[in-house]
Amino acid sequence: MIRAGVVGASGYAGGELLRLLLGHPRVEVIQATSQSSMGKFLHQVHPHLRGRTTLRFISPDALQPCDVLFLALPHGEAQTHIEQYTALAGTIIDLSADFRLRDPAAYAAAYGNHAAPDWLPRFAYGLPEINRPALRETRFASGVGCNAAATILALRAVRDAGWLDVSQPIIADVKVGSSEAGSNPGESSHHPARAGVVRPFQLTGHRHEAEIRQAFASSGPLDVRLSVTSVEMVRGVSAAVHVTLPPGLAERDLWNAYRATWNGEPFVRIVHEKTGIHRHPEPRLLAGTNYADVGWEYDPASGRAVLLCALDNLGKGAAGTAVQCMNLMYGFEETSGLSFGGFYP
Amino acid sequence: MIRAGVVGASGYAGGELLRLLLGHPRVEVIQATSQSSMGKFLHQVHPHLRGRTTLRFISPDALQPCDVLFLALPHGEAQTHIEQYTALAGTIIDLSADFRLRDPAAYAAAYGNHAAPDWLPRFAYGLPEINRPALRETRFASGVGCNAAATILALRAVRDAGWLDVSQPIIADVKVGSSEAGSNPGESSHHPARAGVVRPFQLTGHRHEAEIRQAFASSGPLDVRLSVTSVEMVRGVSAAVHVTLPPGLAERDLWNAYRATWNGEPFVRIVHEKTGIHRHPEPRLLAGTNYADVGWEYDPASGRAVLLCALDNLGKGAAGTAVQCMNLMYGFEETSGLSFGGFYP
Amino acid sequence: MIRAGVVGASGYAGGELLRLLLGHPRVEVIQATSQSSMGKFLHQVHPHLRGRTTLRFISPDALQPCDVLFLALPHGEAQTHIEQYTALAGTIIDLSADFRLRDPAAYAAAYGNHAAPDWLPRFAYGLPEINRPALRETRFASGVGCNAAATILALRAVRDAGWLDVSQPIIADVKVGSSEAGSNPGESSHHPARAGVVRPFQLTGHRHEAEIRQAFASSGPLDVRLSVTSVEMVRGVSAAVHVTLPPGLAERDLWNAYRATWNGEPFVRIVHEKTGIHRHPEPRLLAGTNYADVGWEYDPASGRAVLLCALDNLGKGAAGTAVQCMNLMYGFEETSGLSFGGFYP
Amino acid sequence: MIRAGVVGASGYAGGELLRLLLGHPRVEVIQATSQSSMGKFLHQVHPHLRGRTTLRFISPDALQPCDVLFLALPHGEAQTHIEQYTALAGTIIDLSADFRLRDPAAYAAAYGNHAAPDWLPRFAYGLPEINRPALRETRFASGVGCNAAATILALRAVRDAGWLDVSQPIIADVKVGSSEAGSNPGESSHHPARAGVVRPFQLTGHRHEAEIRQAFASSGPLDVRLSVTSVEMVRGVSAAVHVTLPPGLAERDLWNAYRATWNGEPFVRIVHEKTGIHRHPEPRLLAGTNYADVGWEYDPASGRAVLLCALDNLGKGAAGTAVQCMNLMYGFEETSGLSFGGFYP
């Protein structure tokens, strides 16, 4: 058993992380901090933890040394105190945007000045499907952007097959749920205003574009154009990535490419049926899971393809992937603590 | 054309009122106040008014004399400034709870001390279906509680028939949408927390009970027990009132009772079909309308009946009824400005 | 008053059409046919018409001559019986896909053989915003595809400005509600399966592409790529059209282009705010209305733009536009019967 | 490992059961039958099982002997073939209504003639919280009605405390999700018609009343009045049971009663907080779990209480309880295979 702590544990990613860690056979959760809720039982903030733990939130100042610290803080805070956290724990897994980009210039362009740029290259990018070897060797793993992760996984097989034309714009039209905006109430999340909308949220210049470009840097500079629209769901990301493939490909070529990339991956499922209502990836099915489902629709006549990926922004897009990273970093079974596979309907 | 103003116009009831008044053939809206939004165009707060008016919110201090003032303020504010408003306009229609109860003691028991108790008996209770004659004669009309209105209208036909046993508890189990809690964001209305819930909100001791008791005071003291539960919808109230009827009644007796009470009422429809999916009142159908649909299910063997009423809390439960009151007070056609009948699906 | 009939009136578009026509000051609805529901009162199928009419559905065989016939039949049926309908009424307004494409070859490519190809050029394409002069002169108006209409209106201002690069793929990522699939229950519309999904429905090869190409034929052959995804709403279409604009444009140029195209249009509103939660077109606001709201997000640095349009698939995307066409064809006020502006929240 | 089969496995309860059994450490699923889907992979019907099993549905005629058979058939079918199933497996766990009532007369009154009345007393009622000793001894366990189970659990503590006045009507107002009506599409479950409704579904004479009366038979004949209303959710039951308690009770008495009844129960949690948005049982939190959360709101002044219970109709209300029964019948850890605790938001 390793002893784990969660810093910034009262948000939605923190709540999901606690749920996963409390059920993990190799982990003991010894502490969870929250400035706003210190003293409260975890289940008073995270009602799904009722009966699951008797822990209370502690002040960040009361943090004790432990084996692994998960940082689930608002963007910008982990970098400010990174030295303090690394003094407390040998292994750090961050969930924010603070350490996702290895290049300080790319970070500065997307997010502004970094408080600890020397730390950027010390973190491994925390998406196991594209960075597993590095994650096995590192003590510092970054988080992933949920929209970036969905877009990267949607594109990955086509990139691996050498079919990505970097001279063309790549349009990623991503639909997201309300939990992506976090646990703080506000005008945009007020139920009467948010229910049932199709609200274009950020259509150009999304920060996650930098993360996608980084993931495919070896293929050359990608003109990826990420547009995010909020729809009626709580959890979930659904990416549709519009590309043109080289002439002459057949459906079976896409199948082969997807299998070549994804066979053996424990959390990526290829969903591509000819008929039925479940023939494409569907985020609703993935709530609470660490799955990323991928698929496509391809028109051989025009070469046009729409590449799909669905995942749970709090699961595979945040806490699930963080636990998967921990499993790799500690040499645990990669799927340990992540066995929940979702329910339906 | 009469000249109207809306005080406290940036809330949801204010927005609905403006929508109705801007489309009313006998009304010119000359002013709308909002402390928080003064200077903004109405449509910046009320997006459904885009292209419908070029008015801007003004400060409450800038109010001009006009014919009729609608007060759509938070509970407690209208009573504090009632003298000021009556100096500006000869006709006052309030939407808050401030003038719904005629008896100062009943008011005090439900809401605490009243700032202008002498005004309570000067206001006519603003539900035309039970108070039309008084509303034709008054210059001051109160608002209605949306849960109270639904319960009153559900019970009315059975009461008129003399079947209400006041010695028994009357259980009103009411389901409501998120707009009932108003336009201010908060933890309970945060979309990720509010979506898809069945949240018991207030199960005992609801303030609207006093309003229901007042409506049926002539039948004796009613032991009405109002329980309100929030469900997934934005607009809407659905009341199920559980009663036991006298022995020996048949379905046709209920039909006769409902027809006797409701025939000729322009905004109450009897919905009681033997088959199909629309056989009972359904609030979704009533969004944006001034309808209250009533119905029932009756078991002759046991005498048990569940009396139903559905309405739109912002329509018939607030702004629609206020406009209907205005029509009566000015001798306009009672349905004037209230012709929208809802859409489906 | 003109005398109108609706053929195929038991579907959702038929129900919306009946709602609009029953409220139209210049129209008397004299008949509505339905094979499956003949003999029933309209409100038994269309619950929103309760109390609005005492008409019953009649058999298609019982149709009487009248001034205008609206055809709200499944695709393929209007063309088969067009001679019969034109014998009954001098004016025909079809809502199906049967007469949208003027070119028989384009029709055949998208939908297969046409039963009455000679009639194709006799119909005027029924989107007033791009075909008003022809609609004023015709006796035969076609329907519009809701996804096509949203995409056409999203693109129109940029096309008028001469900024559309037809050598580039134009990606239209469209999100739609469940009513688009019609009133017949099935596996894909079963509530437990349909609720809360983000379901890619048709991502390549959508038939509406032909209609969009026809609308912009004068600009050259458009490589428009329409992808449709079902999301959690009942009514609504939201189109995001991804394009690259010529270098050197500023925000004000887009404003000018949009104003040049849309000023004076009664049912197109430009929605493009700098701040707030209502800064882009939102289909929820448009339910029941004939509005199409248009907007954009533009990144001057890259030239990338996302062009937006929202509308109600049953309103502006079907029945509303049909009534607007009728108004033009008869010389009525264009907005007659279409004054409902939507509500919020 | 015991070898299990599921008969009628293509419905929603069957899908949930398969999910639970496939994750159960002591069970091997060897067969699942479906007349309509035989030959298909389980995941083609139950998309949440993708990657979880390679089993295919078999014909009911191809059933092999095994240790335990779960029957997830439409009501009426299990009783017709019960001899056949008991010949194949020593242990039978039924999920339908066929064996819930021990008294043939009670069964006949609620459901009509029973095909195998001799079997009724051989089955133990399958709600462990009120029938654990019998379930430990039996080889035949019945299902539970989800609305009945929620009402029984809501009432149980008050009954145990001796506070239930059987001379008064007990009003159980129950709100349910769309999955309760099963997996077959129809008019009432068509998404455009079902979304966002508050639809009174069965308000008097509900069959589950017999099951509730049976559960409390030792307290005398209960006048329980069950009303069921469909609201916008997929999974979930929320019962509000309106009762009057004896005079003189205090909040702490209710706490004591609830603790006396529920302490030690692994799947019943008392949810009764003074503040916050999660102070009452909420079905959304319980989706996919075997929890039944119970609580109350009590008004000492009037003696009025509203007793609450929330559960997942497919979990604790069907498949979860069936697995819990199996655990008891085989002497497994009672919580085995039922550890998923739900997520939030």
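All chains are identified by letter, namely A, B, C and D, in their written order; residue positions are counted from 1 within each chain.
Note that contacts are C-beta pairs under 8 Å (C-beta built on N, C-alpha and C of every residue); 3 or more make two chains touch, one makes a residue touch a chain.
Bear in mind that the values here come from a model prediction, so they are computed numbers and not experimental data.
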So the chain most remote from chain D by C-alpha centre is C
Please tell me whether A-C or C-D has the greater number of C-beta pairs in contact. A-C
Averaging only over C-alpha atoms, locate the centres of chain C and chain D and give their separation in whole Å. 46
State, to the nearest whole Å, the distance from the C-alpha centre of chain A to the C-alpha centre of chain C. 38
Mind pulling the residue numbers of chain B that touch at least two other chains? 12, 179, 183, 187, 192, 195-196, 232, 234, 276, 282, 345
In their shared complex, chain C is touched by residues of chain D numbered 12, 177-179, 183-187, 189-192, 194-196, 232, 234
Give every residue of chain B touching chain C within the complex, in rising order. 12, 15-16, 19, 23, 44, 46-52, 179, 183, 234-235, 269, 271, 273, 276, 278, 282, 285, 287-288, 291, 339-345
In the complex of these two chains, what residues of chain D are touching chain B? 169, 171, 173, 175, 187-188, 192-193, 195-200, 203-205, 225, 227, 229, 231-233, 236, 238, 240, 242, 244, 276-277, 280-284, 297-299, 302, 304-306, 308, 310, 345
